[in-house]
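What follows is a pair of complexes built around subunit A, which joins subunit B in one and subunit C in the other.
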Partner chain A sequence: MFNILYNRDIGINLHSFLLPEPVKDVGEYGAIPTTGLTSGHQGCTGCGMVTGTNQALRALKLMGKHVVASIGTGCNEVITTQNTSCWGETSVDHNNFPNTGATLSGNIAALKALSRAGAVSPERFVNLGIAGDGGTYDIGLQALLAWIARGEDGIYICLNNQAYMNTGIQGSGATPYGANTSTTPFGKVVHGNQRSPQYLPDLALAAGASYVATACPLHHRDLMIKVQKAAAIEGPCVIELYSVCPEGWKSETDVFHEITELALDSRFWVLYEGERDRAGNNVLFTLNYLPKRPVSALEYLNLQERFSGMRQLGDMVEHAQALVDARWSFWKPVLEANGLERKEVGYEA
Partner chain B sequence: MRHDLVIRVAGESGEGIITIGETIARIAAREGLSIVTFRTFPAEIKGGACMIQVRVSDGKISYHGEKIDFLVCLNQDALNENYGDLHELGALLCEAECDLPEEKSPRTVYRVPFERIAVREIGSRISKNIVVLGTLSQLLDIPVKSIEAFLAEKFAKKSKAILDHNIDALQRGIRFAREKLGGTSGFKYPSGKGDRRLLMTGNEAIALGAAGAGLKTFFGYPITPASEIMEWLAVHLPKMGGKVLQTEDEISAICAVAGASWAGAKAMTSTSGPGLSLMSETLGLLSMAEIPAVIVDSQRGGPSTGMPTKTEQSDLLLALYGSHGDSPRAVLAPTSVGDCFQLTGLAFDLAEKYQLPVIMLVDQALSARLETVDPELVKQPPAVTRLSVQPGADGGYVRYRLNESGISPVALPGTAGGEHMVTGMEHDELGNFACDEETHTAMTVKRYRKLQMIGNDPLTRGLSLHFGDEKAEIGIVTWGSTAGPAEDAVRLAASMGIAVQAIVPKILNPLPHEELKRFFARVKHIIVPELNFTGQLASLLRSTYRVPTISLTKIKGVPLEPSEIVDKIIEAQESLSVRSEKRYGRAG
Partner chain C sequence: MATVLSGNSAAAWGFRLSRVQCYPYYPITPSTACSEQIARWVSDGALETVTINAESEHSAASQIIAAGKSVRAGTATSSKGLLYMIEVMENASGGSIPCGFFIGNRATGAPINIWADNSDAYAMRDSGAIQIFTADAQEALDGVIQGYRIAEDLRVRLPFAVNLRGFTGTHAYEGVEIPKPEEVDRFLPGYVSTMPLFAPAKPVTYGAMLSALPYRRHKRNQMAALKNAVEITQEIGREFGERFGRSYGLFDWIGDQKAKLVVALLGESAGAGEVVVRHLQGKQGIPGVALLKIRLFSPFPAREISRALAAAGTKAVVVLDEGLNHGGVFPPLAQRIATAVQLHLGSHAPKVASVIGGLGGSEVRQEHFQLMFNLADNIAEGKASRAEPYWLDIDEDPIFVENENQVNPKLWKKWGEVWKQQKRKEKYFSPLPQETDEVRIYSRAGQGAITSAVGFTGAGILAGRQLLTVPAFGSERRGAIITTDTLVHGGGGQKIRSFNRTWDVMVLYDDTILYSPEHQALDGLKESGALLINSSRLTVKKLREQLGAGKANVRVFTVPAAEIAERLGLKHINMAMLGALHRVYEKIPLEKALPYYERHVPKPRDLSLEAIRLGYAECTDQGAKKRLKEVRLPVTEEFLAWRPEDHSQIAWPSEIEEIRAG
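Moving on, here comes the complex of A and B:
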């Protein structure tokens, strides 16, 4: 349990009470040529996670860090390591499917031991774990939560495309309610995924994470600032990226932007962060994006054929809306503190 | 005379390559022909090279064919990659702009501007594969009506406009072949006998076999190349009153199987090597607690994440021994799609009857292979159910009773008077923890006795495949999907005047001892072809029977080819003749 505190300000947040000074905004670095992922990846057209990974790596490189990445099996691993590596000067360790958290611990232990022996200076490095939603919510959860519980320094990024896309679109613990996947097929009796998804920031905070955040490649400044904060904050930091997947979501390949905007405005995906004050047992929550216009759940579901079955069923759409509304109600104090009428943010929908 | 045709279609994944191959296969199956296919998958999610090979025959076949009679290539990369496998008298149908390697072989080449026809004339690139299908059907003289009927069924749920669009594409392909390519080629599609045959993949056959055997609960975790089993069951098992649950990992899947089976429902999981590795500890629990379970391992290139879309037979020793301690389990290895169906039924029967885990080893090539199945084969005998007790009859229930048969009757949870403890700890007859030497010895012997009984059970008798000449001095022992190329190799060797005999046991634990011993007594050389680096079956045979073996291994991610086995046969033949020369002296 922890006390919940709210940051009254809504929007991109360079500050953290855990840091002596704010992190730099992306523009402040000037024209430093940095590449995150190098060319040659084999992601599908319209894939969101390549862009997200690229932005995260770029953010860390701008800080001058050498990135030691442990990447779990998944789409991202497959598409960046086929024939040629796209990781440039990053040190990459592709581990087993369940082990991303554990490998992070191994790397951190080595870094400590080597720095004690005077072989390396720890400030030069950043420990980065990257895994998909299957490798995070399902098979990798034990290792991830154990790593967080150990309180070790590092960043864990979950590239959430909401199912096992690489192996043929099987549902995962992050698959949205009602989605049609090959293991949650939409049939006459059972209508797609009947479970509601879990939420990584909740799980990570419960395990003791220092910093949690959600982000999306469409808002790259927000994403990169969050990654930089995570690199600077001591202890385990967990960031979840919204990763558009045309192949698995059965969406067009050129609506990356539209789908993300609808996700944010319908509040299916909320951009926020949480910072832990261990001494006071508080977590300070900041809402980083205020939906621009009220958008119903149905509008978000419309662009993706994986929801084509449930869209026809009023009860299911209502339930999906109720899940969204329930989660959004968390931010009520912030909205009220800002004098925002319910209508303006559309949360009476 | 037997009529065989090997067709390969190659191009970019997403172009409908597989649809072309599958359409040919399905039409052939409807006409009573035999089909075996082989397909490769790109490691990428979308895009990348892919191909499907279809062997059509009016005789019995068990392998997808080595040299290609008719090759279809939709781009230059596909041509470069596949041209070497084309028979020297074969024919090539390719995209008009492709460059051909220089060579002298009298191969026939048909060039068609498929891309242009699809994009310019029809106005949709995705119709390209149907144009190809049209040209191909004309060149091979496949009846147009059968293709049209097939398309009509395929698009039955779509609008008439979509069907008309596809028929138009088909007709344009046919017209091009008639007007510009001179109609039919010299290659003729075998004519069918009329009796429709079933066509399914190995994974479908396993899922169907499990459902037919009375599977009630399935637990699994996505993994290539086994996922289709779970996907098929996710759609169909609930309709049959069963339950499918996707768990968070393989450890959870097999533990859920243990729970469901202990509670009385037939339970199964399917996975690939990495998953079986994770399941190893629980394999021991299933042995120790004597819980029936069926585990399917569709092997892929290993170790670790390895080569997920490539085939290999490198999990044999893991299946046999994986887990700490002495943990007996039965291991079955289907050789064909028909076997996948039948042996799944047998796996349940053995698991239920002997209360132990049964692992079924297939591989990527067999899992994904489309093959015709004789409808007679998909009739299962009545399923065996586990020996249950009416508690109280003999004054108190004893779960692990040491009786003569070694099989202790089961009382399901909730049976009044049958309450008991099941544990992974070593236990006495009542299920209470006991670690004295007598108990551990008696219980280990009890658990291993079951393997002996399985070996003697009529259920496992006559399971092995035999082919070739029983008088031959050269023998082949192989397993799983390598049976197909081995059978073709035996035939090929016979045509070269070399007598060979082969045995393919379909149960690998316990091995069919008597049958194998008789086989070893008949032959002088034992060639063991298999798809792994270390020669796992060969080493098992050496250690079990103390026989010398000639190991033939391959780890290229694709099945062995008959000619590779024949090369080994010729080597063995030469050493035999050297020996007889030594014995009798050189003539003349």
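Moving on, here comes the complex of A and C:
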């Protein structure tokens, strides 16, 4: 286990005690044209994953890194590599569904061997793993946790859209409680997904990650800063991106912004980061976003038809709320230190 | 100068000399020792490979496939581990990644079985990799080096697998020529990736998704590249021969140029076949015989093999498969040969019969080859044979049946007509001359018998003889009774790697083994043989009783190895036993062996050497009865504390005449 320390300050955080200097804010780079994915990808209208990938790639390119992306099978891979590649100047290694962590490991080893041979300088490159929630929480978990446990230097990004969207919306280990998917259908007897999701940052920290963070493309400054930190910090860094999926969530394609805001304000998705101080066996947690107007779980559920069944059932909504509240209670010491107390609407000093 | 290596170590040398840059590994019997050797070298700074301690074979394979896009990568595996890798294997072949796999072939359960057959290699045959089968440690070492040359050739660019039979190949210790690193560097230049990932100027995307049109073109090209490997394997095998003096081809044709009868097989079991071919060649009434030892299994050299068979005028081919093709007509090798000769030779094709043997560690013995050549002879004469595989060593379903009552009526109903035509011909079963001396050590696991036998092997090779040591291997607990077998024959010429299983020298590291009803340790000992026993308490009378009347001529030697070890403060008795063995087996004199021991015995070297000398000096030929005092080391007490495999409730301590000093 590790000791939990809290950063008293809430908000976007350029500093890391693992780094001698704060990372640059996105604006400080000036007008550097970069691209993420190039045009021609086959992502759905309103897809959050493509935006998230774009922002992550741009953050790394701003740092002057050549990205070598080890990507797992899934929507993100299928929509960007069909008969052509939409990865622009990024080198891409798509291996398989269950082995993103292992592929990342292989490429990290190759970089080590090449730099030993004097063929390349390692600081020029960043090894980035990208997989979906199915490839992270379920089939790829073994490879991912082993990669973290080996302590290799790289970034792993999970594009979490909370189900197997590429294969037709089946429930995964990250599917929220009560969601209607094709393998956890909302029926008369069984009401959607009965298990509560796992949380990647928890798993990654337990395995020994140096840095974990959650982010969402709506707060792109926060996302890019976190990716840059992950690139600068030595050791395995894991970032989970909230990825809106209109197809799988049965939401309108133009409510990307609203859904994300509601996820943050209902605290279904909490933006935070954790940095590991190995010497002191501590993890320092920072809360990066404080909901200005906390809303109930029901409000979040309302915009997505995957929750249309469960939101009619009071006890299921209550249970969903209870899960959210239990996880939010982790941040109580930070709220207290800031003299903030949660009210029905908003926070009061 | 040959070095004593196991098959696994030889493969590890192959990777080392190939200057493999990335080596992820995950342990699995029987190929683990290859990875252990690499890890040891890396830990000692002898090798600069980036190793990855993977958490599964699936990840290890994923890692070499990822790393193989930029650097030279390799790993080793077996059995289920290989099956676990197969899921990603096609990413290597489909992505043109020339990475290397060393495979210690092993059965794939259930039922679980850790011993050898080709099931794992057969399971990977549709993964698009080059599959090379090797027959001994030397071939494995050379195979890995050549494998990278073949796989990295621009006309091929595919993954390769070097196969060696588990245990009898991977755990057999023999003399291996390790090529000079600089010569290997000239033969195998550094790997240059044509599409590297770490090249900012030229970004690439591996593993893209292709729709039907580009997909089918890609797959066709992939197949064509694999097919190219036939010619290139031949070219590179020839070049290897020019540089290192050991040439390799697509297959070995061992025996008569004009062989009417051919037995075809893959890998190490050929050792027993070679002995039989040499024995049968030129015998009265036996047409030309040959062994077709196939080296390149995938891509299958169908045209070349068919041409060779046609050129020899072969009438019948019996194919031995050490694995199955569930639900198929013939198992994989037989199926490939049968298809090849039909397609290439048509009505001139020799007849093909299939035999399944060697499964799950079953030995393929010399008599089996006699049987197969007999079968081939019958078929060549036009006798009917089965249109499905025969089995070796299945009592109720033999290859030849003399009378109906011998087998199940249902089987007779099905195969009676074929059995009636198939006749056993005694000319194929004349006794084989014994060209080798065979030494068996019975010891308890933990006594260091393998170490001493490997030392003996090295010393024997230095003394100009050919030796091979095969330790038994199983799920042995410490203290269990194990065997370690060594084969010795004259220097030069043909290497022999087939045991007759009659022992010229039997060595017992622990006298209680005599009383294990499950081992019958003295059974295979030749009448003209010798028995060496570590004992300070058994009388010759007792030993003679154990040997029985049939072995009155066996020479009995005793050595107080435990006492010697205690006197020197050594933990193990193995060095004293090694010294005594030279006294018993005089064909490898101790003086000739000592230079080897001076460099290779376990540390502390001076004490080990002293133990060898004392073991030699104090080994007594028990023609003269001599009273011995008992000495028991703590370690011996520990061994004795284990319950032996004595389920029959024999009160064995009373059987031992304990003679106390005094």
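Here, the second predicted complex is superposed on the first by the 343 of 349 C-alpha atoms of A that agree within 3 Å, B and C clash if a C-alpha of one lies under 4 Å from a C-alpha of the other, contacts with A are read in each partner's own complex, and residues count from 1 in each chain.
What we mean here is this: contacts are C-beta pairs under 8 Å (C-beta built on N, C-alpha and C of every residue); 3 or more make two chains touch, one makes a residue touch a chain.
None of the values given here were measured: they were computed from a predicted structure.
By the document's definition of touching, of the two partners only subunit C reaches A:112; subunit B does not. With both structures placed on the common chain, the touch criterion links A:7 to neither subunit B nor subunit C.
Using the contact criterion defined above for the overlaid structures, shared-chain residue A:120 touches subunit C, although it does not reach subunit B. Contacts of A:82 after superposition: both subunit B and subunit C are touched.
Once chain A of one complex is fitted onto chain A of the other, the partner contacts of A:160 are absent, as it touches neither subunit B nor subunit C.
By the touch criterion defined above, A:150 lies against subunit C but remains apart from subunit B after alignment on the C-alpha atoms of chain A. In the superposition on chain A, contact of A:187 is made with subunit B only, not with subunit C.
Of the two partners, subunit B and subunit C, it is C that touches more residues of subunit A.
Using the contact criterion defined above for the overlaid structures, shared-chain residue A:66 touches subunit C, although it does not reach subunit B.
Once chain A of one complex is fitted onto chain A of the other, the partner contacts of A:94 extend to both subunit B and subunit C. Common to the subunit B and subunit C contact sets on subunit A are residues 78, 82, 94, 96, 98. Residue ranges on subunit A touching subunit C, taken from their complex, read 66, 68, 70, 77-78, 81-85, 87-96, 98-99, 101-107, 109-114, 116-117, 119-120, 124-125, 142-143, 145-146, 149-150.
Against subunit B, the residues of subunit A that register as touching in their complex are 42-45, 73, 75, 78-79, 82, 94, 96-98, 134, 137-139, 141, 164-168, 170-171, 173, 182-185, 187, 189-190, 247.
Across the complex, subunit A is touched by residues 21-22, 24, 48-50, 52-56, 58-60, 62-71, 73, 87-88, 91, 197-200, 203-211, 214 of subunit C.
Residue ranges of subunit B in contact with subunit A, taken from their complex: 43-48, 221-224, 227-228, 230-231, 234-235, 238-239, 244, 246-250, 274, 278, 304-305, 308.
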